[in-house]
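Chain lettering (A, B and C) follows the sequence in which the chains are written, and residue indices restart at 1 in each chain.
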Amino acid sequence: MERRNARQTREIVVPGDVLDGTGMKPGDYAYVQGGKVRASVMGVRNVFQNTVGVIPLRGCYMPTSGDTVIGVIVDIGPSNWLVDIGAPYPAPLHVNEVPWKVEFGDTSRYLGMGNVVLLKVLSVDESKKIQVTMKDSGLRRLEGGRLVKVSHSKVSRIIGKSGSMISMLKNMTDCRITVGQNGMVWVDGDEENADVAVRAIRMIEEKAQCGNLTDLVREFIESKLPQSEIDEGDE
Amino acid sequence: MSNEMMSEIKRDHILRLLEKGTRQDGRGVKDFRNIEVETGLIESADGSARVRLGNTTVIAGIKIIPGTPFGDTPNLGVLTTGMELIPMAHPTFESGPPGEDAIELARVVDRGIRESGMVDVEALCITPGEEVWMCYIDIYAIDHDGNLFDAANLAAVCALKSAIIPCEQYGKGENKHLPVTCTPISVTEAKVGNTLIVDPDYDEEQISTARLTVTTDDDGNFRAMQKGGCGSITLDELSQCLDRAVEIGAEIRKIIG
Amino acid sequence: MSGHTDMVLVDENGMRIDGRTAEQHRPIKIEAGVLHNADGSAYVEIGKNKVLAAVYGPRECHPRHLQNPEKAIVQVKYNMEAYSVSDRKRPGTDRRSIEISKITAEALEKVVLTELYPRASIDVYIEILQANAGTRCAGLTAASVALADAGIPMRDIVPAIAAGKADGKVLLDLNKEEDNYGQADVPIAIVPSTDEIVLLQMDGNMTRAELDHAIELAVNACHEVHDLQVDALKRRYSKDREASE
C-alpha cells in the first residue's frame, strides 16, 4: 500500500475518473471501459508496476479470511454469538470456535452483550457469509482500556511500514495496543498515556495523507508525554 | 455498520470519566455543546431555522395558513407541532409515520411553546368564529447525536421568532411578523450512573437511566417538564435540574438573541 | 404542465423570467460530506431547490425478504419536507414520492457495483428542504455524490437535469413558473463516461424535433453538472488535507 516515494500530495480520484489510457492493467477498484482504465471508488490513484488502481479513502470493511478483527457481541443464541465487526454482515462465533467448553444454551455465561472480543476471520464464502474464531494464540476477550474506531482504510498507516508506527506508539506511550484489520483499535495503559495514544491514533487517521506522518506523531507524543523514563526505539 | 450495541469498554470509559467530572468530548457535566443557529434558510417556509448542537442538527419550518378555528376557541389561532425522525438522521431511524419517540418530542416542544404563551394566538384571529391563522411547526431531525429535545425546541423557537404571516398571499393586508411574546428554552439532563449531565450526546443517552427536560420562560418561571426513561430521579436531583434550567436557559437566550 | 398564463416566460430576445437564456441552467452548488452520522452525504442547490442526500451502507438488508443472494439492493427514499412547497405538504409518503424513489434507485443501480455486496442493502435518503421544480434531478445528483462520498464502489457518478418547453420554446432546467405554465418537462440522468441514459421521463407535448433538441440540451448540461459533482468530492479532500496541515 505504501508508495516508495511518499509524496506530499497524492492524486485524488472519484468513480469514473480515467486512471490510464496507455494500456496499463486495472488493479484494485479499477475497471476497463473502451480501452481506458477507470476508477470505481473515491480514493488515491495507485500505480504498481504495470497496474493502476485506487486506494479507497472511505468505505466499509469487507472481511478476508485470516484478518484479525475486534468486535462487539450484539446478540446471543443457544450455540453461537453474533459479533459486530463493522462489516455489512454480522459475524457468527460458534461455540466450537471459543477456547472454552460451552454447553448448549449456556453461551451467555461466557460472553455477554457488549463484550469486546479479539477474533480471527476463519472464512468468507461467495455469498459473504462470515465465520470467525477465538481459538488461536492471543485471541481473547478484551477488558478495560479504550476502544477507538478508525476507518479501516487507515489501518495500514497506523501499523506503518513493517510495524514502525505502531511500535513507536507503544514504546512512547507505554500502552498495550491491538489493531484490528476492521479499524477497531484497543488501547490499554495508564489513563493519561492511553489518552495520548488515542489522540495520536486519531491524528494518524486525520493526517493519513501527509508524507512525514511518523515525525508529526512523534512530536505530538513528545509534547504531551515527556520521554525521559521511556526508551524510544525499535522493539 | 448500523448496530447500536455499545461496547462495555466504551460504556465503562464514559462512566470513569464522569467520576472525574468530565466527558468524552472534554465537557464538564453542566456544559452545553456549541450552539449554531441559522434562520431564514427555507424560502418556501414562512419561518425557518437550522440548529446545530454539536453534531446534532435539526431543521424547523413554519407554515401559516388561514383555516377554521376550533368550536370551543372561536377567537384563537391554531398551533400545531410535528416532529419527524427521518432515517437520514440516524441508522436506527426508520421511515414511516412518527413513532412514540417522535410524538413525545413534538408534544414536549409544543407544550413549552403553548404553555409559555410564546405565540399570541389571540392575534391570529382573522374573523371570529370563521377564520384564523393556523400555524404549523414542522421539525425534522437531520443528524442525531443526542439531545433532540433541546435541539428541536431551539429550532422551533428560532423559526417562530423569524416567522412572517403571509397576509398578502391570501389577500389579508400587509405581511406582518408572527406575534411572539417570549422565548421558552428547554434544558435537558440525563442521569448516567449517579450523575446528572446537561445536554447528553448520543452515547450518554444510550447508557442513561432517566432524562428530565425543563422549559423556562424569560422570567425564569417553569412552563413545561417531562421526565423520561425507566430510571428515577431524587427530589434533590430535581431541585438541581430546576436551578440549572433557569441558569442555563438564561445563557442560551443570550446566545440566540 | 400545460397550465395557461398571460405571463411571458420567454421574451422576444429569448430571455427567461430569471434572466437565463434557453440553454442555461440555474446556479448550482454542491457540497459533499455534510452530515455526521451518515456513511456518505451531500447537499445540492439548483436554483431555489435545496436538497440533502444521505447514504447508509452497505448494511444488513431489512426487511430480510428483500435480500438478493447475488447482489446488494439500492433502496431510495425521496421525501419532501412539510415546508418545502408553497402549500404545506402533509408529512408522509405519497404516490409521487414512491415513484420518484423507484426510478432514482433504478438509475443508481446501473452504476453501483452491487455484486460486491450480496444480501446487503445500500440505503439512500433524499430530503427536499425547498422545492422549485426539478427536485428529482437535484435529488439524484445529490444521491450520487453521497454514494461516492460513502466510498461505495461504482462505475461512475450520475448527474441529472431536466429540459422542457415553455412559450413554445425548448428550455434547459425549467424553473417553477416554466414548469407550471410550460408545455413539457423531460428529466434526464446519464452515465457521463458512456452517455447512457439511466433516468428518463417526459410529460407534456413536444414534436420529435423539440424532443431531440431537449435531450441534447439536457445531456450536455449533465456533463456540466458532473464536473461540479467531481469538484465537490475532490474539494472535500483538499479541504481535509489543508485543515490537517
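Here are some notes:
Just so it is clear, a contact is a pair of C-beta atoms (placed from the backbone, for glycine too) under 8 Å apart; a residue touches a chain by one contact, two chains touch by 3 or more.
Note that the coordinates shown come from a computational prediction; the quantities given were computed from them, not determined experimentally.
The chain with its C-alpha centre at the largest distance from the centre of chain C is A.
Between the chain pairs A-B and A-C, more C-beta pairs are in contact across A-C.
Per-chain CA centroids place chain B at a distance of 32 Å from chain C. Here the spacing of chain A and chain B, counted between their Cα centres, is 39 Å. Put simply, the C-alpha centre of chain A and that of chain C have 35 angstrom between them. In chain B, 1 are the positions where the chain touches two or more neighbouring chains simultaneously.
Of all residues in chain C, those that touch two or more other chains are 39, 57-60. The multi-chain contact residues of chain A, meaning those touching 2 or more other chains, are 60, 88, 90. Taken together, the chain C residues at the contact with chain A in this complex read 39-40, 57-60, 69-70, 111, 113, 116-120, 148-157, 191-194, 230, 233-234, 237-238, 240-241, 244-245. For chain C in complex with chain B, the touching residues are 35-39, 48, 50, 52, 54, 56-60, 77, 79, 81-88, 91-93, 123, 125, 127, 129-132.
The touching residues of chain A, when paired with chain C in their complex, are 9, 12, 14-17, 29, 31, 33-34, 38, 40-43, 56-60, 62, 88-90, 126-128, 153, 206-207, 209-210.
By the touch criterion given at the top, residues 1, 3, 5-13, 16 of chain B touch chain A in their complex. By the touch criterion given at the top, residues 60, 72-74, 84, 86-88, 90, 113-116, 142-147, 186, 191 of chain A touch chain B in their complex.
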